[in-house]
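Chains: A, B and C, in written order; residue numbering restarts at 1 for each.
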């Protein structure tokens, strides 16, 4: 019955720093179906990268700690696995691509040897077999002359080529889930499009599910079926990409969409969301977004809304859609 | 690429030669500035003025300085430093004997300091902020303040005189190497531990370490293969300076443990004003250091592909 | 706070190029505040001041003169009369350690001052003029740096002869290369700054630029290097004296004491131990203070 590859339930990840507890991820739930792409969007500091690292259990401990929740992969809770079992998952069933391909690649090893590492760990391949895999993967991700490039060092490749190599590293063990953490942010616009296309193509070819983490709504629109909008450690809105983007429910989603430059819309001025993302160690009371919200109501200042199913058929965390207090809001709006 | 590499090597070789010529010049100037007539010293006040003058003539000491220096330079590069005034042996033979001894101590010191220092540094970085880290840092801070000659005496006292488990002089058995190696190696082990820790912490915070973890690599592989290989680059450059300091510092433990190495040879030479020995020792040691740095520079290029690229272009 | 700002303004007005980024007062106030919060650094500083006072007032503090011989108590163990015992001539060990502090601290200060003078001048010249000047000075630095420091100091002692004054020079000549390297690198970096351009544009001579802009900007680096090199200098002095090439008896120095004490290790181990402890504590205090100063003033020297 459950066709979900990944079910994240009520995940909480906190960082215990000298300045206090930072609630980086607070009760986040989402799921990814087989072959589906879920986009997680949010401004920097919204906790979206921590979500990715928490799924991989790569949050640096200390100061970080996954406090509660479940990460179910094919029904198995990854948070309950031993260190050794988890290592078998990382790079095997779940692989990850990072934002900055220059620093994410080890400067003192060749591209080839860095691709070969996963197949040697997870598939027990010999050096020679792994090298063949590396060359195949380089070809697959569209790097010309893979037999030669396999012996290149990261600094000898361009940014786009490096990210392609990174993708080759991630996909060389046929992972069921690929987590991309801002994979195109550090790249030129033209290269960005190529990389996204490559990820999309490979996803279809290998029937991989993708978790696409980005601040760029355009990227989400281009590659994902579903989208999760995060704000200050919590999910604000969660649903199908088309629905959310054409008819956003949450005022924050709306504001985000309006702040996006869109060529065809002909809007003259970009909308700017007033204020700043709240500090995650000192969050406002009530709705986390209320200090910046244009449709703020009295209740928003004191009571934190729950994630509820809005009439539009998707999950929203906003008092506007709660039946009871909604009247309160209507009164205020007069 | 090979041509560029060759050019790089030749360039470094040329620099090394320039430095070596400079070294001979420094030594030559210092020896000539030093008070006292070498011939009078050599004859141990037994010769009359006429004899001294005759020997001066024979030794070329009456030639103009630049002629003397030229001879000296030529002899130095061919490894001929003349005969010791007192031991009546070619300095070259004394140097060879001394270097064999000092070299063996240096190997002991190097092994001790690298093994202990790097291991402790890695452990401290891996357990950063915890009690293991604090203990290692405390010990290394103390270690950096311990003068080798004093530590040597304390070690003699504890392990030789009180516990009676290790010999306190000479180099007759393997056990005899332990105390000199620890005494001289402590300060270098301590500084290596700190250097390794700093560089390992830096490396462990890099994105590529996270990438390695995301591939499912084990913690040992992450620390050793991914982080340490990067942290090793600055450590390697430090090893050149380390070898130089060990060659120098050896004189102190040689004195304490009554070992006749290069350092003792130099100090005895100085006490007796045995000029050929002084010249031979200083130039020989400096040459070893310059050549070692040359080797390290070349190895450095092999380990770090970025450096190689920078030097090639 | 208001005061410092006014002072800053004054300083900046005095300098022809007003872009000078050295905010003397606030920068150093900040550093001092950070240092005072550092407990270890404070303890070390207090200890160093204590040692300096001991050295300065050695005749008042030491129970006996450094060369006074108590014939009735030769090689005695610690007694109420001689807290740390006596040496082979019946001289009070504690008193000799107190007097030894004079040599150690004097060497630390004077030798480092010599090293810094040579190092700053040559390093600044190399960095500022670049090109051939730089190449020549850099090679010279390499030549001098090719000798192990302690052996080089030994050879210089051979040339000049033993004695405290010569120890100053020997150690100073040994230490200048590391100073020169750091200053050269920093000057190369600094001279690209706008305020140097501005000073040049307003007609400042090269010497004025180096002396008024570059060297003051290297000041915190110089302070850090000095604090970090002083303990090394103290160690070199002890080593030279230990080898019999430094300070000569009857003047006392910790290294010289350890050298003599070594012969009496069986009969009087304390004689070897106590001067060493004084040496270790002094070096330790300078090392720790140097680390703290570096962190407060110039964190980029971390790998020095």
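Assume contacts are C-beta pairs under 8 Å (C-beta built on N, C-alpha and C of every residue); 3 or more make two chains touch, one makes a residue touch a chain.
Note that the structure is a prediction, hence the values are computed from the model and not measured.
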{"item": "Touch-based graph of the chains, sorted into line, ring, star, complete or other", "value": "line"}
{"item": "Contact-richer chain pair (by C-beta pairs counted) among B-C and A-B", "value": "B-C"}
{"item": "Centroid spacing, where centroids are CA-atom means, of subunit A and subunit C in whole angstrom", "value": "55"}
{"item": "Separation of mean Cα positions, subunit C and subunit B [Å, integer]", "value": "23"}
{"item": "Distance from subunit B to subunit A - Cα centre to Cα centre, in angstrom", "value": "53"}
{"item": "Subunit A - residues contacting subunit B, complex", "value": "56, 58, 62, 83, 87-92, 95-96, 98, 100, 103-109, 114, 117-118, 121-122, 153, 155-156, 166, 169"}
{"item": "Subunit C-touching residues of subunit B, taken from the complex the two chains share", "value": "15, 18-20, 22-23, 25-27, 30-31, 33-35, 141-142, 144-147, 149-150, 153-154, 156-157, 161, 195, 198, 234, 244-245, 247-249, 251-252, 255-256, 263, 266-267, 270-271, 273, 278, 281-282, 285-286, 289-290"}
{"item": "Subunit A partner contacts - residues on subunit B that touch it in the complex", "value": "129, 206-208, 210-219, 226, 229-230, 233, 303-306, 309"}
{"item": "Sites on subunit C touched by subunit B in the complex", "value": "139-140, 142-144, 146-152, 154-159, 161, 231, 235, 238-239, 242-245, 255, 258, 261-262, 265-266, 269, 272-273, 276, 279-281, 283-284, 287-288, 302-303"}
